[in-house]
C-alpha cells in the first residue's frame, strides 16, 4: 500500500488538522472528530448534521458551511461515526430550532444516528432524521437493509442547507430534504477496488479487463462483474438502470451529477457526462444543472457514479442558492 | 488499461463535448479544440489564452471563465496544442486590447505558442507571452530547457485574469502574471506512474514501496526514486526543496496549494496540507490563503504537488477577486 | 458462580482473541462488506481494556461491568457492530442487576436480554446472515443445557459449539441484512464476520467457565 | 534527379515506417519523455498522407510538396517534434523553390536549410541528445559524399548510416534539451526518440533513392 499518510490510525485526525489549517471558515474539533462551520450554532436556524465513515471526501467535512451543513462527523475509514460524536455535533449546531440529521442508509449509520437522536432528544434537542437511499443497484425491499445512500447525499444536503438558511422550520427542512432524495437516483461503476489504510490491500481483486457494476461507496464489490467496454456502453447500462426505476422524459429538468470515485481523472468524468447527455437528449429531457467531479468518493477507487435528480422550481432555486463550503461554492 | 473512454483517439473530443454539455458558461469549439468563455471576446478587455496537452484537467479548460482564462486550447494527451488552435483562440478572445499567452515552460508548448504568436502578430493582434516555470525539482540553467511550469499555472491564470477583468492593459496583465510566477515555487511527488490512453501501459514502473520525487505533470519519472516514507518525511523533503530555493519566513504571507495528481484521494491531500502547515508555522510564515484539490493533474497518477506563492496585497486582492469557472468559483 | 472476576476475565479473553483474530475478521468483511470488522472490534475492545483497568471502575459488580463494556463499545466502535454489540452488553448488564454473584440462570437471563436487544435494534431474524445466526443457537443451547441439569461449564461449551455451528451455517446463506445484503446472490459462499466474532465471544466464555471450575 | 514523384514516395516511405515504428518510438519516449512521440509522428504523417492524396495538390513541384508536408506537421503534430519537423520540411521546401527537377546539390541545400531551421527554433546543439544529433551528421555525410563525386544513392546511404550512428550516440548522453533534460543524469542510457525518428526519415530517403536509380 502506498499512501500519503503518517500511519493508518492517524489518517482521519491528520486530515482533520489539515482541513482546520486550510479552511478558516470551519471550526474543527479534532479530538471529538466534528467539523463545524465557524459560526455554528446559527441562532434561530435549523441545524444540519451529517456524517459517515471517512474515505468519502470531500463528503461530509468539505460540505460544511453557509448554505449547506452546520456540522459533519467523520468516523474511522468506512465506519459510521459513534453516537458521542453525533450527539456533540447535534448539540453544537442547535440554534434553538432543532436539528436535521442527514443519514445515508447503511445499517451502521442508521443505528448510530438513531442512538444519538434519542440521546439528543433526552437532552431537549428536537431532531428530524432524513434517510438518503438513492442507489438503484440495490433493490428496495422491506426484508433487506434497503437501498444505499450514495450520490444523492450532497444534493440533499445542498437543498436542505439552502432552505434552512432562509429560516424555514424543522419540518420544512426535513421535508425538502426527503423530496430531494425521492427525486434522485444513482448507479456506480468501479474500474478498481480501493485500499483501506488499515487493511493495507485492495478490498477485492479485479482483472485487468474487469469492472464492477452497481458498487457502493465503501470499496465493496458491486452486483455484477463483467469485462470493461467503451464508456458509451457502460454509461448506457448505468443510466438505463436509473431510468428504468425513475424515467426522465421530455420536459423533465435534470440535475446531472457525474461523480468520480477518487482514482479516476476528470477528463474521463467529462467523457461520461457526454454519454449521459446524449441519452437524456435522446429522451427529450433537459440538463438544467450539472455537477462533475469527486464529491462522494471511495478512497482511491477508480470509477464513477451517475446521479440524476429531477428538479422542480423549488429544488432548482435551492440548488442555485449561495453556498460556501470547501468543496461547493457559488453565489458568495 | 481500464479507462472510462470510448477510444484513445476520441478521449479529448469526447471530454470537450462533455464540458460543453455540462457548462453553459463555456462555448466549446470541439472541431478546432478551443474552450472559450461564452461571452468571449470581451470588448476592451485583455484576453487570456492558455493551453497545453490534455491530461491535466481541470487545467486548462476548467479554468476558463469570468476572472480567469478567456480561452484554453487542449492538445492531444500530454502533447502541446498546435499553432492553428492557439491562433484561433487568440483571435477569438481579442477584445481589441491584445492577448496574453500563459505558457508552461515545455519545449513543445513554448514553440507552438511562439509560432501562434507570430501568426497572430501578422494578423494584427498584440500578444504578450508569459512563461510559467515554478518547478524547483529542475535546476534552472540557460543550457537546458529550464524549469517546468506546474502548480503555479492556475495561480498565475487566476491573478492575471482578475487584473484583466478590471480593464488593465496588456503590459500590466503580463506583468502581474510574471510577478505571480516569480513568487511561486512547486515540487511534485509521484506514488505511481500514469497510463496514457494511446500508450495503454504505465509510462514507468514503480515498486510497491517506491515513489518518485521531483516529478512533472506528464507521467515522466522524477529526479530521484526512493522508498516511500511517512507523509511528514515526504512533505518535509518537498517543502524544503521549495524553501531552499525561495524561503518563507516570519511575516511572509503564503498561498499554500496542495494539488492532487489525479489518483490520490482528497483525504491524503489534507494530511499533506497539515504537514506543510506545520513546517510553515515552524518558520513563522502565515498561511494567508489555501487551495486543496486536483487542479494540475497527470491523468491517473497518484501523488501530489505542493506550490507556495508569496502573496502581497496586490496578489491577495487579485486571488480573492470574483471568479466563475468550472473548477474555481467564488464571489459570484 | 459468576462474579466480577469471572466477567472481567471473560471480557479480557474476548479482547485478546479479537486482537488475535483482527485481520481474519477484517478479511471476512472484505469479502462481503467493507473490510473493517476486525479493526472496529479491536478498536472497541482496546478501549474496553483501558476502561476496565481504570481504578475508578474497581469493585463494580458483574452487571455494571458488562454495562460499562457495552457503553464503551457504543462510544468507540461505530459501524453496525458497535451499536449492536454495545446494546448486547448493556442489556446483559442491566439484566444482571447489581448482584455480586450471578447464578448460571442469571447469566442466561443476561444472554437472552442481549439477544433481544440486538434483534430490536437490528431487526435481523435467524437466516439473515448476521451475528444473530450465531447468537440465537448459542443462547438456546445454553438454556437447554441448564434446563437439563447441566453445569455452567457444560452450558458454555454447548453455547460455543452452537455459536460456531451457526457461524458456519451463515456461509451458504444470502445476506438480507447489513452491508452484505447489497451483494445479493454474491454474498452466498462467505462466512459472516459478525457471526464469527460472536462465536469468539462464546469461545472466550467457555474458556473462562472452564478455568473457574478447575 | 529528384522530382515530385521522388519526393512524394520519400514522404510516403517515411509515413509507413513511422506507422511501423509508432509503438517503438512511443516506448523510447516513455523512458525519458512522456510516451507520445510515436503517436505524435503517426498523427502527423497520417494527416500528411491525406493532404498529398488530395487532388487539389496534384502536380505540385518537389519544393511545394515538402512545404505542404511541413505545414501539415506543424498543424497536426503539436509537442516539440511538430514545430521542429514542420519547420524542417518547410525550410527544405522553400530552399528547393519551384523547380520540377532538383539536383542532388539542390536536395543538399534543402537538408541544410532544414537543419538550420531546427536549430534556430529549438536552439539545440550537437550533444544535447535531440534529433539534431542525428540530423547534423546525416547532412554532413550527404554533403561529403557529393563533394567527393558520390552519386545521390551513395549520398543517401552515407546520410542514413551517419544518422543511425548519431542516433545510437545519443544513448550515453545526458539530455540538455527537451523533456528528457528534466531527468538530468537519469536521461543517460536511453536512445533519444527524436533522433530515432530522424534516422527513419533518412532510411526512407535511401530506399527511395535506391529505387529511383534501379
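By written order: A, B, C and D. Residues from 1 in each chain.
One rule holds in what follows: contacts are C-beta pairs under 8 Å (C-beta built on N, C-alpha and C of every residue); 3 or more make two chains touch, one makes a residue touch a chain.
Please read all numbers here as calculations on a predicted model, not as lab measurements.
Counting only chains that touch, the fewest steps needed to get from subunit C to subunit D is 3.
Taking each chain's centre as the mean of its C-alpha atoms, subunit A lies 28 Å from subunit B. Inter-chain centre distance (subunit A to subunit C, centres taken as mean C-alpha positions): 32 Å. Subunit B and subunit C have Cα centroids separated by 55 Å.
Residue positions of subunit B with contacts to 2 or more other chains are absent.
Of all residues in subunit C, none touches two or more other chains. Taken together, the touching pairs link the chains end to end in a line with two free ends. Contact annotation for chain pairs lists A-B, A-C, B-D, with touch applied as defined.
Of all the residues in subunit A, the ones that touch subunit B in their complex are 2-7, 11-12, 14-19, 21-23, 54-55, 57-58, 62, 189, 191-192, 208-209, 211, 228, 230-232, 234-235, 256, 258, 262-274, 277, 287, 290, 292, 294, 297, 299-300, 302-304, 324, 326, 329-332.
Those residues of subunit A that touch subunit C in the shared complex are 53, 75-84, 106-108, 111-112, 114-115, 137-139, 143-145, 148, 196, 198-199, 203-204, 216, 218-221, 223. If you check the complex, the residues on subunit C that touch subunit A are 26, 30-36, 39-40, 43, 74-84, 121-122, 176-179, 181-184, 186.
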